[in-house]
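Chain naming follows the written order as A, B, C and D, and within any one chain the residues start at number 1.
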Amino acid sequence: MAADLVLSLKNDPAEIARLAPLVDAFCARHGLAEATAAQFNLVLDEAITNIISYAYEDAGEHEISVRISLTRGALTAELVDDGREFDPLQVTPPDLAAPLAERSVGGLGVHLMRRLMDDISYRREGARNHLVLAKRIA
Amino acid sequence: MAADLVLSLKNDPAEIARLAPLVDAFCARHGLAEATAAQFNLVLDEAITNIISYAYEDAGEHEISVRISLTRGALTAELVDDGREFDPLQVTPPDLAAPLAERSVGGLGVHLMRRLMDDISYRREGARNHLVLAKRIA
Amino acid sequence: MELTTVKIGTVSVLDAAGRIDSVTAKSLEEKLLALIKEAPPALVVDFAKVDYISSAGLRALLVAAKQSKAAKCKFALCSLKAQVREVFDISGFGTIIAIHPDRASALAAAA
Amino acid sequence: MELTTVKIGTVSVLDAAGRIDSVTAKSLEEKLLALIKEAPPALVVDFAKVDYISSAGLRALLVAAKQSKAAKCKFALCSLKAQVREVFDISGFGTIIAIHPDRASALAAAA
């Protein structure tokens, strides 16, 4: 039996801290390590925070849907939002060798997503962004 | 934040006992009474057992999908299967006043579903049955 | 589901435990029919440790109740938990199968 | 997130606790900039009770580190939990912010 966690979040940053314990419980039930759950939660935070911060052209309420599943050896989250078209894979990686004075204060969110996930794919479907984040499970 | 439980079961009766603790946990997280979870589990059992027993014309593996959600004051399950078209609302209720010798040994599954749920709706969509079972939450 | 049989005097008592559902109901039915074949004057099924019953379990009990009647064996249940009792009530079983609150009263009625 | 400030000699120490994320990072940044304004010789942020940090928190620390440098205040962190440390490492913060294993070594280095 495959059991997915399907969530519908509002574009409110407070939703992210509410999501975390559900992801922890999902991972615990499937016997995944706490560290895996923590990394997955961080990546979800980064992706959802970006959607809330940058995706919308109006100030209204929007729905972000998240579906978390464990299939074929990977923990996967699919995020769907109705914001502007945006593919995080196109973001230029930050320069992590720059000295303090020249270090940019942004650009770390997408970097963390890429470093902590094994596979990220993006597609635009109609008026929606679909971002699939996958982490292989040993 | 709305959190749904989305499950994909095989047409194997053993799946039902695996589903029960997930439904219990879902209900507990939403502060629903244990008795509500127990009734809901019984109804899911009856509906899924019927699909497994009667819906398929072949002996192959089939998927039954279950989506459990809590919305607008109701605990709801939507079951989707690819078996033969069957609307349980059309089943004639059993005669519960008959004496032992004349009492039919079948027909109690759909009866329990109807008695324990507040609302049941059925529709056929393409090659699939959609059965929505809803219980109002006080 | 687990089943344990004991004889109390001439009465057969079957202790059931766990889940009685479409996976386990067939074993319950077989066990009950085997016990009835032994022709005891009465057969009591103790539900004290049964957490769950679905219509598949009710069907097995109804088959056994019918068979008991034919075999002139008094058939009764006892010690149902509230959520199990509700399933029997909704199914109208109270009028066709004797249901006792506890084992002592079931044995007294069987005597 | 909770923040508590203590002075140890002339060094300012900020004890942070809980989650540092997009909801709480702004308060951390404001607190750090206010502390730097007081012009202590050194500022240590103790992460012993921090369970979680996202890039929003890293941004706040980077802003504070830059500001400290301009204000000639030694800026350091200490006592990071493993999962928090990993986020700093992946972000290349080890080369630009002093990170000490515990409070004692952070204070020794600040002296």
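One rule holds in what follows: a residue touches a chain if its C-beta (ideal position, glycine included) is under 8 Å from a C-beta of that chain, and two chains touch if they have at least 3 such contacts.
Only a predicted model underlies this, so the values are computations on that prediction, with no experimental measurement involved.
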| item | value |
| --- | --- |
| Chain hops separating chain C from chain A, counting only touching neighbours | 2 |
| Shortest contact path, chain B to chain C, counted in steps | 1 |
| Identity of the chain that, by mean CA position, is farthest from chain B | D |
| CA centroid of chain A to CA centroid of chain D, Å | 26 |
| Distance from the mean Cα position of chain D to that of chain C, given in whole angstrom | 68 |
| Cα-centroid distance, chain A relative to chain B, in whole angstrom | 33 |
| Intercentroid distance (Cα basis), chain D paired with chain B, Å | 54 |
| Residues of chain B whose C-beta touches two or more other chains | none |
| Shared-contact residues (touching 2 or more other chains) in chain D | none |
| Chain pairs in mutual contact under the definition given at the outset | A-B, A-D, B-C |
| Complex contacts: residues of chain B adjacent to chain C | 13-14, 16-17, 20, 35, 38-39, 41-42, 45-46, 49, 52-53, 94, 96-97, 99-101, 103, 105-106, 108-109, 111-112, 115-116 |
| Parts of chain C lying in touch with chain B, wherever the complex brings them together | 19, 21-23, 52, 54-56, 58-59, 62-63, 65-66, 69, 82-83, 86-87, 90-92, 95-97 |
| Sites on chain A touched by chain B in the complex | 1-10, 15, 18-19, 22, 25, 67 |
